[in-house]
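So the structure is just underneath, and the comments pick up after that.
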Amino acid sequence: MIQVGIIGGAGYTAGELIRILLNHAKAEIAFVQSSSNAGNPIDTVHRDLIGETSLNFVAEPDFEAVDVIFLCMGHGKSKEFIERNSIPDAVRIIDLSHDYRLKAEGNDFIYGLPELNREVIRSSRRIANPGCFATGIQLAVLPLAAAGVLENEVHVHAITGSTGAGQAPSRTSHFSWRNSNVSVYKAFQHQHLGEITQSFKQLQNSFDFAINFIPVRGNHTRGIFASVYTDFKGSLEEAKDLYKRYYADHPFVFVTDENPDVKQVVNTNKAVLHLEKHGDKLLILSVTDNLLKGASGQAVQNMNLLFGLDEKEGLNLKPVSF
Amino acid sequence: MIQVGIIGGAGYTAGELIRILLNHAKAEIAFVQSSSNAGNPIDTVHRDLIGETSLNFVAEPDFEAVDVIFLCMGHGKSKEFIERNSIPDAVRIIDLSHDYRLKAEGNDFIYGLPELNREVIRSSRRIANPGCFATGIQLAVLPLAAAGVLENEVHVHAITGSTGAGQAPSRTSHFSWRNSNVSVYKAFQHQHLGEITQSFKQLQNSFDFAINFIPVRGNHTRGIFASVYTDFKGSLEEAKDLYKRYYADHPFVFVTDENPDVKQVVNTNKAVLHLEKHGDKLLILSVTDNLLKGASGQAVQNMNLLFGLDEKEGLNLKPVSF
Amino acid sequence: MIQVGIIGGAGYTAGELIRILLNHAKAEIAFVQSSSNAGNPIDTVHRDLIGETSLNFVAEPDFEAVDVIFLCMGHGKSKEFIERNSIPDAVRIIDLSHDYRLKAEGNDFIYGLPELNREVIRSSRRIANPGCFATGIQLAVLPLAAAGVLENEVHVHAITGSTGAGQAPSRTSHFSWRNSNVSVYKAFQHQHLGEITQSFKQLQNSFDFAINFIPVRGNHTRGIFASVYTDFKGSLEEAKDLYKRYYADHPFVFVTDENPDVKQVVNTNKAVLHLEKHGDKLLILSVTDNLLKGASGQAVQNMNLLFGLDEKEGLNLKPVSF
Amino acid sequence: MIQVGIIGGAGYTAGELIRILLNHAKAEIAFVQSSSNAGNPIDTVHRDLIGETSLNFVAEPDFEAVDVIFLCMGHGKSKEFIERNSIPDAVRIIDLSHDYRLKAEGNDFIYGLPELNREVIRSSRRIANPGCFATGIQLAVLPLAAAGVLENEVHVHAITGSTGAGQAPSRTSHFSWRNSNVSVYKAFQHQHLGEITQSFKQLQNSFDFAINFIPVRGNHTRGIFASVYTDFKGSLEEAKDLYKRYYADHPFVFVTDENPDVKQVVNTNKAVLHLEKHGDKLLILSVTDNLLKGASGQAVQNMNLLFGLDEKEGLNLKPVSF
């Protein structure tokens, strides 16, 4: 059994990791660290886990006890944590923050989007798990970049659930404000644009266009609905063919002829894509669960790859559907 | 024009008062006090008021400028405020906290439920505006108490919207938690039981039964749906007759033969009641908007009574309905 | 008093008209026609109107009794109705369907967007009330067209509440499906594109660019949040200036420096616009209530103009805000 | 592998059964029958199942191919189906309708509440799966009945999600109506009262009190929150002890000291109970997922019992939590 440690265990993504790993046939949770909750039973924070675990949060990680750690702290804190701690080389690291997503000198983390980097992930030791918006948007565009046919600006509008913003209270996370409300934030400037652009260039070196990205706060809790369009010279059939070939052996991505909706994928690790051609534009609709394929599900998918397991191990999750 | 001052102007109930008073033909807002927002335009806090007012919050109330003040601070703070300030006798006070709702020596506030105390309100100077749950529940039961036919325990289950809990952030006000969720709080012990019991006894001195009250957090923002039942010897027709007579000249309370729902009254000052007889029990369903009939709408209704205006002045509000 | 008749009185837009007109100081509802509900009290269908009207639906309109009729039937049915009935010339008509929105030979209806056509509306007799999406999107772009500075494609993403789809049941209107869900429909092909393009050309004859419009089904009931961007050469300040001047004497449109949200305008006739400049793009966020500024509120605004009343008469509505 | 047939495969409960069974290690879906969808791929109806099954709905069941069938048709239709078809004796039947829940001459179905009848279920061939409300309410009260201490009326208020009402469209299932709304239906008369009373009497023959049950339509899709109270002479500790002993070896029922909420159990087969003592009343809060422990999860639990499997097989479901 793979022994797993989780750092920063009280947040949403850690909760999802625990939910998945408790039913993972090849992995076992060795410890869940949380400074603010050290000593408390895990199910007093993640209360739906009643009856599923008798573990308590620990204050200090025991690196000797684990094969892999997941870093679920806030952005900026993973780097601090790694610099402060002597983590044995044998311990693999999967970081869910954005600290290591962008290539830089001295950054030996691999960008953990399996649909982009699966082979190199398999032989890596340190993974920078992609952002939630970044995942949904990249999956909508990668086949075009891989074919080298991106030739103009990419227009993206993506609506996310409230869990994407974490559990810290704020004006916009208050139920009285957010219920039945819609708003936009960080238009054209969202921090995920960096990793998205980096991936597009990785596949199509010539990519040098704007990504016009409008992130929207939806009034649901889980799920990202991304609408993406860009110029595409070919026919709809050619586009579908491109996408189906690109994702042929990727078990979590589906190209559908039906009009998709977010609840198709909520509580699963799936991404569902739907293509339409309008004039010279290719429209790609992409739905994902921001906490699963957009975070913790993908992190487990990466763990499976790191340890030579079936990519889907532990990820055959019952959709909630309603 | 009646000159109005509002103390504690940044919260939900103050916002509703301002929304009502801006369109009130006989009253005018002289000032809105807010310590935390002094100097800021009112529409930077109550942002839907864009274009409707150019007033700024003030730090200090000017009692000389007003005929009436509404106290919209938290519970406990009204008493402090009144003790700390020299409010001229001529200034009427309508307090929205629970500080003065219970009769006590030295408390000269009148309990401001017009359907219970309209005549005495008309000749008063200080009003303790009822609680939101307390309003919905009392309206469901007052005709029975007035007829002296309460003769057993009263069972109450009432679901409230999130605005009932104010705007302070908390675990249970976080959208990610509250959306699609249901929970109970302060079962059998809610602080409104005192004022409810006091009113029942006022009408039926012999009332000495438990009120079994289960308050529920709903996943909507506005509106209280109260289900109330108790023993009743008469027929359904007799009960309806009792209720219709009791509320005959009260313009905001309606007894309907249709099955009611909360959205019938949202954004109005109405209370809709529906009666059913099952065995020896009379079931009364009561719907109200917790911020209007349950708070600020009722406060304006009380102001209208204090100043000899039509009880409905300023309260012909367009329902939102959806 | 202006005497008003409403045709097709059981739907959402008719309900809103009734809600507004019951409190309109200069207009009075003479009749509300509904084939399916003839004879029934209006408040058995629009149940929030309990206590506000004792009118019953009628089967047949009495054109002699009214100064103006509102047509609230489905698309395609207004034309049929007008052809089938002999409506006296003196009776003004405000049609809420899309039957007369596009200019065509023999179509003497004026497109009723006051922010585009106010003067000509004032002297007209027949008004084609704009579509809900069309209103929100046009208000976001009209100042640019008026300045003749539209010089490239316009990108539009707009999320609407469920009431935009009317009350007929369908798979996508079922609560179990739509709650917490997001989906897209009629991307690039929405029927409002015609009237939007027509208005842009009216102001800027040279306009000949695509409007890339992605309509989204949100999981709220009321309100449209439109994100619109296009190339703009000037600075943000120049853009704001353009917008503020364009809307200077239009009482329902506001340009704000704050980040807007849909609930700012729900249950009001307002449109709130917010501008940002990103690179060479001007982003305009536009929020409106699809049933009010996007339908019945605008219809009353048009009625006010037709009869020489204050444009805001009856439209100082209390926002629901939460 | 247990071969499973599902009759009436297009509805909500059938969808949930399929979701569970696709990941059940000891069972396999042989066919899913649906008259209205015969020939269509299952994932065109249950669209979240994209990529999980290539089965099509069939028009006619093949009883020879299966060990067990689940009947997921509407109430009244199971009886018709069983009378019309010659189902081999060897085929076990689990009926999700209310047709066989009440004991009657000639009814050889066992009432399939494992926490009441586990041993007899193990040796049965035909199971009447309990109703959703009935499950949540019985679990809240069974330990009291088993101890023979029910001695007065039982007061029940339970709020359910929209999926409890099935997928047929109706006024109260329309999103525009139901969103943010609350209402009551069938107060004191819900059809589940029969089976609840029957179970109470099974454990405590003397039970002869009213169950005052108010069912509430909530504005969420999944989950029942039941508040139950009745007289109880003992202390809170005695009550907890009673409950903990009763459920000691039942793997899906948990007694917690924390205040529960519906989302703790959504997308799981769990029931979470919480006890409070107020005066002479014992309050039991009970949360369940109406489609799982209240329907299809419990049906699989019953299947596991019928075939001698671990009761939890296939039911270690990832909670959705948000």
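Letters A, B, C and D name the chains as they come in the text, with residue numbers starting at 1 for each one.
As a working rule, a contact is a pair of C-beta atoms (placed from the backbone, for glycine too) under 8 Å apart; a residue touches a chain by one contact, two chains touch by 3 or more.
Keep in mind the model is a prediction, meaning the values are calculated, not measured.
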{"item": "Set of chains whose contacts include both chain B and chain A", "value": "C, D"}
{"item": "Centroid comparison with chain C (C-alpha atoms), farthest chain", "value": "D"}
{"item": "Winner on C-beta contact pairs when B-D is weighed against C-D", "value": "B-D"}
{"item": "Chain centre separation (chain B, chain C; CA means) in Å", "value": "34"}
{"item": "Whole-Å gap separating chain B and chain D, where each centre is the average of the chain's CA atoms", "value": "39"}
{"item": "Whole-Å gap between the CA centroids of chain C and chain D", "value": "46"}
{"item": "Touching two or more other chains - residue numbers and ranges from chain A", "value": "12, 161-163, 176-177, 179-180, 219-222, 261, 263, 266, 322"}
{"item": "Chain D - residues contacting chain A, complex", "value": "12, 15-16, 19-20, 22-23, 44, 46-51, 161-163, 179-180, 221-222, 251, 254, 256, 258, 260-261, 263-268, 270, 272, 291, 316-322"}
{"item": "Chain A partner contacts - residues on chain B that touch it in the complex", "value": "12, 161-163, 167, 169-170, 173-180, 219-221"}
{"item": "Footprint of chain C on chain A - complex, ascending", "value": "155, 157, 159, 161, 176-177, 179-185, 187-189, 210, 212, 214, 216, 218-223, 225, 227, 229, 259-263, 266, 276, 278-279, 281, 283, 285, 287, 322"}
